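So, here come the structures, one by one.
Below are two complexes that have chain A in common, paired first with chain B and then with chain C.
Coming up: the complex of A and B.
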């Protein structure tokens, strides 16, 4: 199949390229771990001060949540909006637009290469964090099985959402603010500050209605075994619906964006 | 059946440009209300190119050459007008079209910097769906023609500008495009590399019959490769025809250079034509084309033994082009209109 052959070639080139920047990749990965570990330490301190339990979350549950959150964040992260802005403003996108392959595919491969390259080290680090903080996992086999489609849907959703934001670069010279706004929103509603279950009722309702929790929080809860089978089904449906909406939105914006592209400097 | 590969009709492109005066006041005002000006980069041009032609696309900076090439390669949508290349509307950017044409821009890289070009080529092979046999044949041809042997396995970032350009050329031509748009292909290259690139383009056209539309600020590129040129200025088409005719129409004079012997170095030659330069006994005269033969004969007859040498030449193409762009020619200079300001 043609696309498979293209992906194989791109992945090979991607790994060769990444080999030049192994240290940088590892530093990025370790940098991404710092924040959840800080939150983990803070929540454990609070939980201990309150007798070891906050809203049903014990110290070991917090540890499991943040270890899973770090793992999921790493698997779902997307950074293409930063690069895309640069490519548009420098005219570097032109070379990609002149080839019979949608520029989105190059990002998919970059994304995969980074994740596959950093995953083994991340795994070791997370096992150590898990042991150090006494994480308690309530995960059963069916959680693991459900986690696989859920994390793939989450990664696709976050990736496509990032592309929608990236595409704004066709009109705005600087769209980093839009990306920062997205990151902050993600921070609040995806469950990065705290598990959504610990938030006030209205904030929980908003979080479940928006797409952000489905990008990180939902697969995290599945992986740590914090949801029932019925909830898993709802999560998978929610993720699929949001992915479909985001994909349609992307197609619509992309078609208009490419018409607005002025190919400056290239 | 028509052999026209490129057909352009009424092609027009207007850019909307954000405009603001300098200074703090203007900066603050622009936060509240942004002013845009519409600038016409291409003002409705028409031309056609036949299969296998190599056409020079000339114009000063900002004339609209690159914008036109970008529209023809599908990177830009025009404001109005139509164009077909190989029967496709370029800005539909259909995969079948992209597989049959290329746009090569000097100083712009499309290769991955950190890996050898040969590895980037393998990626392009799959993207352009080139079968193994064709790929190997073209790869070998390009390596031979562009002398890429020692370069192809080095990371691209370790190549010099000239070496990188050659490798870029190969990357852009691996899929054997039928139409090649070349934008300043020799920009920034040394003379020897320019000559090689020119030779390569000529050979490419000869071997594959590819149609080439070429822009360059180096007139040597144009003279070496193009029998036909299209001249645009301020987005409008000024001339479309033979390169030789361009000199005749735009610069209706010839240059007579007379070298005088020592005793006659100060002779007055102004009655034969306008003196352009005088330097150590060598006098260059500008003479109307129609009178060039007669005046030359007169000089030979009048000066006789005082004349050491005499040549009759067309003005340098750079000079002709300069006259075209400065409006010093029978057609005048078209005004660029800011279409609207609001």
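Coming up: the complex of A and C.
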């Protein structure tokens, strides 16, 4: 009960803070939209070269895929690993550790505020992209119902995974390399460069086994209506399993990390 | 001219001494670049498992283009990016006065003051990728394509320089221009594919306002022997005009700068 009250207060403060940076959040939108549009354009060129259809994907399917991908990545993105290094290096984490609330909660709130704030504008932009590229959605009602838990699981999974990486900052002082590695892994395996069905066979198998596709690609496929009910069940199970593993890993690594942490200079 | 080369040489030497203090940092920077370039090439390869041509570009040409993309990005990140970042800080803090008092051209001094030497690695790897592309293209490489490649590549870097110079000039009026710079960085990602792939609005943006598309695509066309003479002339003339315009704008901005306490 008290946690709910704390969250309400933090969210309120978060929204008030975010009101100062409206232009900034519009700019981040540009980042969110450019990469999917780039790959959409490339796949359209491929589809056109192949007579309009590759592996069941027509131009409209690609458009739907990348519109959904943009929407999902906006909803699931997490960025703590970028900030956490700074907090550790500056010793700023010390103050947060003294508070009765786990630092995780502050970053959950920050995450929620950003997403809720940017969603309306992104929605409009995505509708425009959908229309201009002639997106075809194969979505049915049950797809949308399944999408909700799937995108929440994906966001939680990406968030926790990002925290595991962030926690490495307790030992390493330069986290940029770890972040780059994570970003590029997502780039390949999460479905940004291609829908999983169009990946070469071995890469597909690896993607299904690793957690990264479940962070973005899986909810994207559900939202655009590209999966059967059986596949949806598999996706939800895969997401839950990976979330559980990541959560346990986080708790383990966090406990050891806090012990290793001695605020730089303290 | 020789005097300026000597000044720039001094800047580079100073930067090198500074960087040498952080060698592990350098090594990790190279690792990152390998990851980034490797995965970008991976993306191209995935696309080409389904086709043999992307809007007329073959795999070999696309690989060369990817190399060019990192050459242009690396060139900008090596010299202009670190220098301009410091320049914006100088404007904000009012410390630009010290540079302006020096008896040399302020535009040259400020554009080349700082070097992110780690980015040399980008250049080396970018060249490596271009060479791989060339090797696959072997049949069609001529002396002309090599010369026009070198020239258009230099033009590409200078085009992006002209844009960045105009953007930092805005800081004389607005002081904080991080947001405007962010727009530029958002668009650079689009340089990874040939500009002719994109829908009209994006193609237009990448050819004019944020010329990263032209800067990458034209040299890649040159090396793969698919550039027309009109494009070549247009690129040279366009670059000269863009740099002249940016440098004119810079002088206007400089006149507007009032210093910290003035």
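As a convention for this text, the second predicted complex is superposed on the first by the 264 of 266 C-alpha atoms of A that agree within 3 Å, B and C clash if a C-alpha of one lies under 4 Å from a C-alpha of the other, contacts with A are read in each partner's own complex, and residues count from 1 in each chain.
Operating definition for what follows: a residue touches a chain if its C-beta (ideal position, glycine included) is under 8 Å from a C-beta of that chain, and two chains touch if they have at least 3 such contacts.
What you see is a predicted model; the values in this text were computed from it and never measured.
The wider contact with chain A, measured as residues touched, comes from C rather than the other of chain B and chain C. By the touch criterion defined above, A:55 reaches chain C but does not reach chain B.
Of the two partner chains, chain B is the only one touched by A:6; chain C is not.
By the document's definition of touching, of the two partners only chain C reaches A:42; chain B does not.
Touch criterion met: A:174 reaches chain C, while chain B stays clear of it. Of the two partner chains placed by superposition, only chain C is touched by A:132; chain B is not.
Once the two complexes are laid over each other on the shared chain, residue contacts for A:198 go to chain C alone; chain B is not touched. Looking at the shared chain after the overlay, A:27 reaches chain C, while chain B stays out of its contact range. Those residues of chain C lying in contact with chain A across their complex are 24-25, 28, 31-32, 35-36, 38-39, 42-43, 46-47, 49-55, 179, 182-183, 186-187, 189-190, 192-193, 197-199, 202. Residues 2, 5-6, 8-10, 12-13, 16-17, 20-21, 91, 94-95, 97-101, 258-259, 261-263, 266 of chain A touch chain B in their complex.
Looking at the complex, you find that chain A touches chain C at residues 23-24, 27, 30-31, 34-35, 37-39, 41-43, 45-46, 48-50, 54-55, 132-133, 174, 176-177, 180-181, 184, 187-188, 193-194, 198-200, 203.
Within the complex formed with chain A, the chain B residues making contact are 15, 70, 73-77, 93, 95-96, 98-99, 102-103, 105, 108-110, 112, 114-115, 119-120, 122-129.
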